[in-house]
């Protein structure tokens, strides 16, 4: 069934079929890294569990086809970057210079991604730039616009501007009684705050929702416009906060029809509990993509009931269901972040087969470059819940997504915008 | 955000109520400092650790959830003994840096064990039953039932500790140890027993505080440790290290100040003011609210 | 040269030193005695500037030093030893002296040279001081490894190194046996030979009576007597103070 | 090779950070403010190279001077407080600095892209090294030249009077004052010097990681900064270097094969070291090698 995944449109890879001479390896190595220590350990654990499952699957089906037509097994090493920039960079360097890994998957933290992408070469072939030259396909770090830092870095992460745009268009159409909005975010968390101020609120306003205290200055049709004013008109908290009384009261007082709660699970739950204690629940709630995870369902299923989140992963297809089961079997859980690493392994397999790799350790540098070119040539890939379009000048993906909402302790699909 | 007088009052009330948790943790720091003139940096971590153990055991053996609030403090007391043994017992008492570093090592260790066992993901924590449901209104002002409970608990603990320290033989011995270490030893007071009992007492108190903090949020996460450590330390210092009522009053004050600045200046600047408050205290009143003039070197 | 005029110090309502006045003349050895808690050590600490005086005046060579910080009083010619030895125990013997060593005023080598320059020049001077103090052979040892008597001598040597005019000795004979006390007596007389002025706070009467020129007696922070050793020995008030029952 | 260069870089700026804390520990001040100065150095020199396009050497120097200026200012109130209170006060300072950079947005358009510090979104693309064709070996050499210079300067300090005076203040402030030492000058100079070293370290850090945000400068890093000299011992400057190699080289990178258990071991090893070597791993003055072969006195 996995042959279906191969829908590559390789436009300009004439050289790909040229088989270089030399030894052919029997294993193809890739590397993964992410936070496996510190408070964000679950990211790394989930990501590794799924990489393991995906590689096991590839090998069960015979492995990956090399340039000479022989089959090689895939193997991986997973490293702990501890959500720490120095460690992330050290690992990127280690993988690039000390191992034969052809490509990396990671890191899981946006902050580490922002730092370590900077040590990669900015433009391919720029000999004056001494940055690392190894392709990287990120699964988890979602923060806006990271992949364009280097031409060697690619992401297979959800495209939040598109997701929230569609979400609010749909809400506007199906819920004409929802008119006013209000919200808040974790300001010291790059992803939550950036997505909230540059994406979510702006999408809502674009689709005719009214900020409850009147219009926000400088917010226009353009994504990211006037986002400072968005943040200062909202009621925010910090990632490690425990007391949400002032914020929840401001939410309640705003009396908006729809609340936007853009935060990761820990504060999402803390905040929702305070809000429900104050009996300030609105008619509708929209959350951050990262909160559509198991943690929220473990932490506050009752309070999150009804919260709508767009996500690029939900067990709606047979493949997605299977990945979710495999992840659980390997001690992790599949969510929109970690599930991407399954797709990444499959993309890597397809690219390797398309560009023709020998796996010869002595040619690791040129083969890495080949894989990078192969990645850049991708226009679409087959994802777990549908076809993924690649925006290659930025190295980003446009992933299919669905809207889920919390219902009876589970994330249930509310609407599939493709239908 | 626009706000009026009611909002300010309300934010102060919420903050002061929430400050009970800082007060309890500050109280623990101060108790240990009072006995040994040392900071146990792992204190808040062992408190949260106790709450985790309570939650873990209760889940594992499907115990009634209220037992979490019993097992948690006991576990925190035991963790405190361990911390005492590895960070204070064997390191020469004159080596303050050594104990400080070792207790920081213990802080890392406890935190990483929690993260390792839970994958770092937040877990639901049982709330304080009827107290959590209760929400009193006084005019336009609201009061959270569970936080009032925690505050009353904090005041009672303060009373109990003052009683223990000033009206019992154990307290006499503890004070003797803290004031004249050598002389106390010569009088036959078993110093290590006294120190361990202080650690256990502080640990149990911290375990309660940890459980209460988690219960008041409804979620427990390893992210709780560092903020509570810092705010608890600030409470202990502003109160005057070694002063019991100082720690309680300063804890409540920090809660209030924090929430007030959250309301008027926003969350990004909130903590700057808390640290400035501490800075001002340290420079203008280095001995804190109720600290006496002993050498804190 | 040292003039103390009506000084006083309260600690939480207790008058540790109360309206005390006395003088020490150049080249003199003056003993400051009194029962325990009579304010002797406080007086020393007030002269050195460990605490500020609550009222009154302290002057050295007509210069009022009452409000100067400790290190500036050292510069104006006062140095001291401590009742319970306070050496830099993790530094070597010669470094202990080095820390206190004042530059000769005629030597204009500049502060960079003094603080960051090579130690060779200064080592000779330090050696001289150590030999004078009978510690010549302990030059490189850690101060903490010296015997008790040697530590006392090193402290005295450190006090000399800052080129004082007046040395305050705070119970230097405490814990010494009679041989060591005899040695100490000789060393104090040597200081006098060097032209230094000494204020000696001491309990060991054997030392005080045999070395000082004049004695000041304190009780409850007040001066109760002043005079030559013989006079003091026969003074009724002093006997009363020491035997209890004021 | 690049990997080892990378680790050497990490060891390099962590050593500098540890040395800046070492200098203050000599005077008996346990300062958690070093990470604040480190952050100031990082942001200041990053802003200079990225926004103003200034040469790296000049930027590092100016960044270090700005950091040392703040250290100078912190030195005065720090005089009044000692010991554990100073620990808390300097934590407050570092946190205020961190929160300042958390709130700092200073974006300038360059070549059509906005560059500069962007609050919680961090300060990206401080790519002076890579953009100017520095090979990893060049970067490592540069960092280590700085490290060796600072190591040498601090080693030299123990051979001149200033070093003895610092240690004297650290051992006994009253005795030092009574020996004619001006405590204010000594402590404020140590703070300023420590700020300068931490400022350089911060600049090197920002340029070798290419990205900083406020989360890079937490209490955790401040703890590391003081942990190095304490673990290494204050007897000589190489203890700090040794401790950095021990922590950054062995504990963090060398134990990767332990996988999930690596971080558990980290806290545990600190505890063990403090219990078995309470005065630090290297507890001998470097100028007295004969002590190496004598029994260690605990």
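Per-chain numbering from 1; labels A, B, C and D assigned in written order.
The rule we apply is simple: a residue touches a chain if its C-beta (ideal position, glycine included) is under 8 Å from a C-beta of that chain, and two chains touch if they have at least 3 such contacts.
A quick note: this is a predicted structure, and the numbers were derived from the prediction, not measured.
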item	value
Chain of greatest Cα-centre distance to subunit C	A
Distance from subunit C to subunit A - Cα centre to Cα centre, in angstrom	74
Subunit B and subunit C: spacing of chain centres that average the CA atoms, whole Å	48
Where subunit A and subunit B are represented by their mean Cα positions, the distance between them in whole Å	38
Touching two or more other chains - residue numbers and ranges from subunit A	37-38, 187-188
Numbers and ranges of subunit D residues touching at least 2 other chains	102, 260, 263
Chain pairs that touch, as defined at the top of this document	A-B, A-D, B-D, C-D
Subunit B - residues contacting subunit A, complex	1-2, 7, 10-11, 14-15, 18, 21, 112, 115-116, 119-124, 132, 135, 142, 144, 213, 216-219, 221-224, 226-227, 255, 258-259, 262-263, 266-268
Residue ranges of subunit B in contact with subunit D within the complex	33, 38-39, 86-87, 90-92, 95-102, 104-113, 115-116, 226, 230, 233-234, 237, 241, 268-269, 271-272, 275-276, 278-279, 282-283, 286, 296-297
Complex interface listing, subunit A residues touching subunit B	37-42, 45, 187-188, 213, 232-233, 235-243, 245-247, 249-250, 265-266, 269-270, 273, 277-278, 294-295, 298-300
Residues of subunit D that touch subunit C when the two form their complex	156-157, 159-162, 164-165, 167-168, 171-172, 174-183, 235
Residues of subunit D that touch subunit B when the two form their complex	25, 30, 77, 80-85, 87-89, 91-93, 95-96, 99-100, 102-103, 218-219, 223, 226-227, 230-231, 260-261, 263-264, 266-271, 274-275, 278-279, 298
